[in-house]
Structure formats: C-alpha cells, structure tokens
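See below for the structure under consideration.
By letter and in written order, the chains are A, B and C; residue numbering begins at 1 in each of them.
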C-alpha cells in the first residue's frame, strides 16, 4: 500500500494556466513588439522631460522678437510662435507637464483609492455602506463638468488639476480594490491562512497585496492617458495649465484660431499628444495581457 | 479504544439570513444542529452526507473559522470554545485543515515553497534556514518532485496541488487534520494515491483525521468510525464496518444503495431514494428525513427521533432503527 | 420588481440632493459674484447701492443654506429662476431654446457612430483577422488616442479652411453638421466597435452556435438567428448611457464649431457666475444621466430573461 506510483502528468508549460510571478509576466510582455516600442517611447519621453533643460535648443519661455511666427526651418526645427518662442523647446517642456499630470494624478488616486477600497472590503458593515453611497454619488457627477467647476473655483494650475482629478477619480480604484478584497476574502486560500493562525496583518501583507496588484497596476497605467487627455482638454479651454507654464493641450487651444497660416503651432502638439496617449494605451493593454493572460482572449 | 483527542458536545451553528436592502435579521438557518461526536488519537472519523447537510460547516466550526452558536468543543483537554485569542493561537498548530479544491486553497501568486512555509512563517518556527529545510522535508514526505519548490501552483496537476496542501497542513506537526472533501475534485485514478498518502502519513505521525466526504465508499476506506449527517443533524454514528454492512438508518441505507455497483451481473437493488434535499429554511417537522423516507409513518411527521444506542458503539436517530 | 424600482428612485433622489448641494456650495465659493462688473465689461464697476439692491432682488443677501433650501423648493416645481446673464429670460427658457441644438448634434452623432461602429464591429468579428477587422481595430485605436477637440481643430483646418468644402462653423445647414458629428463620434464609435466585436466573438464560441452549425444550418441563418440576437443584447447597457451623454451636448465641439447648444451655454454661465443657469443644468444633467442608467438596468431585464434585479444574499 505504501508504494505509490505517481502517474500524474508532470509539470505543464508555464504559460498554460493561471497567473504567476512577475518574471513570467515579463516573458510574455517581451514577446509583444508593440508593447516594447511603446515602453521605449515612454522611457525616452521621461528622459526628455527630466533633461529638458539640456535638450531644449532654446529657452521655451523667452521669445525672440525678431523671429516671431516662423514656420519650421533649420534654425527652428518646428518653427516659432507669436512671441518668437521655439516650438520644439516648448514641446519638450510640455512633455514634463503631460507626464507629471498623467503619472502624479494616478499616484494620488492610488493613494486615496487603495486604502478606502481595502478598508471598505475588509471592514464591511456600516463603513462599507457609507463608502459605497459616497462612490455612488460621486460617480453620478458629470466628470468634465465638475473638473470645470472645481478649476473655476480653485483657479487654474498644476496642483489644482491634480486635486480636481483626485477628488473625482479615486472611486474607480477604490471600487476595484474593494471588489477584489471581497472576492479574495471568500477564497479558500485566505480561509487556509486564517486556519493556520494568520492574523489580518499577515493576510493583507502576504495575500491581499499580491493578488490585487495586477488590476490596480493595469487600471493606473490606463488612467495615465485618460489624465493626459483631461489635462489637455482643460488647458484647451484655458482652465488647466496657466501661462507662462505650458502644456500641449494649452498650445492647441491657444493657436487653434491661427491654424489657417500657422498650422505647425497646432498640428505638432496635437501629434505628440496623440502618439503619447497611444503609447500609454498600448502599454496598459500589454500589461493586462502579460499579467493576467486568462482575463481575455 | 484509544485516548480521545476531540469531543464536541451539542455543537450548534446557526447563520442569520438577511433579506431586503437594510436586512431584517431574525430568521436563521441551522447548519449544524446539536452534534456530539468524538475522535480518538490516531483515528479517523468519517463524516458523510449530501451537499448542504452541514458537514463542511462542522469542519469550519471546529477550526473556529466560524464561531459556534452554542455547544462545546474539547480538544486535547482544552475547551476550544472558551479559549481567547492568544491561548487559542498557541493551540492552533495542533489543528489543521485540507481543503476540497486544491487550486483554490493555495495562493496562485506564491511559490510552492512559500505556500508550504506560510504556517511556519506565521508561527515563526525556528530560523529561516530551519524553515527552508523543513519545507524540503515536507515536500519529500508528500512525494513532491524536488524541483517543485520554486514553481507556482498553477504549473501542477490537481493531485500535485493537493499534495502541496497536505504538506502545508503538516508543517506545524498537527494532531488533528480536518480533511474537507480532500479528493472529490480529483480524477478517480489520482484519488487513490492521495488517500493512500493520507493513510501512510497517519501511520507515521499518529494523526487523527476528521474525514469529510459525500462519498460513502471513500469514507469507509479511510475511517474507523463513520457519522452520517442529514440537514445538520447526526442521524447515524458507528463503526465503519457496521455502517456499511448493516446500516440502521434509512438514509444511510439510501446512501449505500447510491454507490455504483462494480459487478453488472448483480441485480439492481430497488427502492431508490426519491425527492431532493429539503432546504434548511423550510425544514420538515418531526424527523427531517421523513418526506423522502420509504419507512415513514405518522409518528415521523410529529416527533423528531433522537440518537440512541442500538448496538455497541452504534447509534441511530430513527424511530424504526 | 416594484420594490427594486422604488429603491432605485429613492437612491436617485439622494444622488440628486447630494449633487445639487455639492454644486451649490462649490459654485458659491468661486471668487467673485455675478454683479461685480457690468455686462461683462470689466472696466465698469456696478455702484455699491445698486449691487445691494440686485443681490436683494435675486435673494443673494440671505444666508447660503436658506438660499439652498429655496432653490430646492423651487426646483421641485421645475422653477429654476431667471438667468443672471441674459436678462428677461428664465433658465428654463434658455435651456428649452438651446437644447434642441445639442440634441440634434447628439442624435446625428449617435446615428453616425452606430453605422460605423456596428458595421466595423460585426464585420470585424465575423471575418476575424482580415483586412476589414484590422481596419476596425485601427479606427478604434485612432478613436482612443485622438482627443475629440484635436480632431475637431484638424478637421476644421483641412476641410473648411484649406479645401473650403464646408463652412467652418454654425448649425443652419446640413453641410455644417458633417465635421462636428465626425469629431463628436470618436468616443461612441470606440465603445460600439469594442462591445460589438467582443460580444459577437464570445457568442461565436458558444456551444449553441457550434450545435447550429453542426446540424447544417446555413451560416447566414446561424448569424441572424443565433449570433446577432444574443450578441447585440449587451449593447443595450452601453447604448442607454451613451445616448444620455450625447444629448447633453459637448463643451468642445459646440464651442469649436460655434453651435449654440447647452454645452456652449454652460461654459459661458460659469465664467459669468450665472448661478441659476449652472444649478439648473447640473441638476437636470445628473438627473437625466442617472435616470438613463436606471432605465437601462430595467430594460435589460426585459431583453435578457436571465438577469434578475432582486439582489440575492
């Protein structure tokens, strides 16, 4: 009776089932050519934003009054604007704003949304009920309308954009985390951990964080282009980034009326904005595919 | 009869049912109803019954994953129901559990090593090097391949995953293992391997098992004693051999008739059990089994039969047993 | 069912109460009041005594909470008062006059997006991984990464300014509708394409479709009888809210193409501190969108017999 012959099939190929380590996710991610291109583009953009001072050929805020309204040429690769400021330099500095708004807004959302969602899922009861009602109310606000109201109230500017996005956007993350925690709470492996004597701290640190990370990372990554979009839209309306600071959306809005002759002032910011958003969307999708391959076809 | 390890006395677990959006508590369902049983040192008590009969709830209540509503649980001389946090935590290692769905009961994002080490980490047994060594030893014990430790559970078959679960349950050197349908989600060919493994381990470590299953044949193979549950009540309790060869309660008889007959030449037995398990909310009056019982008489709809001794070590709750 | 609807309506009223309160207090904390300057001309200050009289006339001298309660009482009778910025017209009159433009823009956008989104979604799913599927995916990615206001500006530049095919703005003739509708339909096309393609692919994989094919049903009949009927049902859930969002207008499209819809007026109202106008549009807006969500959920149970609204547990 003691001699048991193990006839079970051995170890199946890594990518066959379920989800696992991040190193396996990396293997899957690496196979996605578009995702690698997008990731490289984003890294380059970060570098450009960080080293803007050295990379920009001209001072983006100081105009050359002898060279206003220049079309692209060899001295000014992308031309100049009404004050004679170099467009390429302004685009380079604009990358800072776009990336900062995109990334910082998501970090703030995570910072607010994760604790609230986790607490609601873990504690349940009246706290969960309260959080859910607040989320209901905030989600039924027309978002853009409230961005505008908030920014008119608080005044334009970088900090206030982030604040407006944080106040109206944390519900998405909170909802995801709450849902994950609720469904994890009912799983046998959490039950097993409690049966072994694991306390709440152990369960959060070892199981909950690991298992909620994937959807949170994907949501935050896909939230970046959304935030860039919103910033551009608000700046376009003149409510976002206030001069002398500049952003791509602001440029599109400011020079839209001159598009007839000075098309470069609108077209180049529009292009770089679209390409950047494309890169982030591809990256987010690829992360989703790599981290939870079973979640979609 | 060896020394007894676990005893439950009139154990009851009720759940409130909430309805509507504010919830009107008050109504409850009784999942475990006045269950008294004992498990001896190094012995196996089997618990059988259809799904929803309360056998899994009983297991989870013993683990204190559900707080019992009333009744007592005595374990190795301690009253488990009276123990508070810290004291219970010290006793916990002696009482471990194996789950039905091996894949669902291990965290998919931990490596096999981390999974088996988790109980050692929680109770901070020895140094990290000790724990690692211990994990390798446990993996050997349940016959996991040596290269398994750095892999993830999703890379393994159901049987292998159950081995991981067993290794984890053994890590704290428990005295009692609660096996909640440990083989019912496995292929039949793999079931035997796991059952044999459990029996080998029992011999080696003098383990006691509470073996929960809906399959009476599997339970009989594993157990010395068998308890039969129906709608939260223990309706028959006795030596495995007696339960299988001369069942006294009509429900036990029905369960045995449902076991597939390997020899087609033998005549089909008659009197199939009819009807479905009644819901716990609309519990029948009198004997809970009477709506489906072929022997039911007028008395069965009125008076609930209590467990009574009908042979040495053999009890049944039926007016006609 | 009745119980569910009542619960939802109570919830809806709660949301409206909360949204109106948030808007109200936020709005009043905006620096500056409606009667600081004369008719938009920043140079001309309104004399103090006149200003006091105006404030009194519009009830703005009362404490905030009293003003809010007053607003609530009047709003229940659909009375949102007079607009501060366009004298002599009530808010309701303005909305009644301008909304049709937004509704027209919205419905045209919906029709166009349905045409494009459904066509690309259906053909893409049925002829998976062919050029038409790739075209659909391309259009979908374009819609995702191109902000509508950027496309609006580019379209205006190419087709109105350079090529003179259509006017640059306005809303009088169908020729003026083309560009705004295209620019406005990016989001809806994306949603419709994704949902349609995804849900048809799901259904094509289903066992009942395999069975239908296995028993020799013609491909066309399989598609019409089994696939479309089951796959297009989930669209109800996205179509409802989509319509609601479309008919409330668009700030960007309306201001770029000078369409006198409610979106355009709302942005104006904010810069002019036109409290009644802001309150009315926000509340009507939220009510409309929340109501559509509710109706969508209810309609969905009729379309899909598998869904039950009563919450279990």
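A few comments on the model shown:
In this section, a contact is a pair of C-beta atoms (placed from the backbone, for glycine too) under 8 Å apart; a residue touches a chain by one contact, two chains touch by 3 or more.
Because the structure is a prediction, the values reported are computed rather than measured.
Counting only chains that touch, the fewest steps needed to get from subunit A to subunit C is 1.
Seen from the Cα centre of subunit B, the chain whose own Cα centre is farthest off is C.
Chain closest to the overall centre, judged by the mean of its C-alpha atoms against the mean of all protein C-alpha atoms: A. Work out the mean CA point of subunit A and of subunit C, and you get 24 Å between them.
Subunit A and subunit B have Cα centroids lying 48 Å from one another.
Between the Cα centres of subunit B and subunit C there is a gap of 56 Å. The touching residues of subunit C, when paired with subunit A in their complex, are 11, 14-15, 18-19, 22-23, 26-27, 29-30, 141, 144-147, 149-150, 153-154, 156-157, 161, 201, 248, 251-252, 255-256, 266-267, 270-271, 278, 282, 285-286, 289-290, 293. Of all the residues in subunit A, the ones that touch subunit B in their complex are 1-2, 4-12, 14, 16-21, 24, 187-189, 191-198, 202, 206-207, 210-211.
Note for the complex: subunit A touches subunit C at residues 133, 136-137, 140-142, 144-145, 148-150, 152-153, 225, 229, 232-233, 236-237, 249, 252-253, 256, 259-260, 263, 266-267, 270, 273-275, 277-278, 281, 297.
Within the complex formed with subunit A, the residues of subunit B that make contact are 60, 63, 65, 89, 92-93, 96-97, 99-101, 103-111, 118-119, 122-123, 143, 145, 148, 151-157, 159-160, 165, 168, 172, 189-190, 193, 196-197, 199-200.
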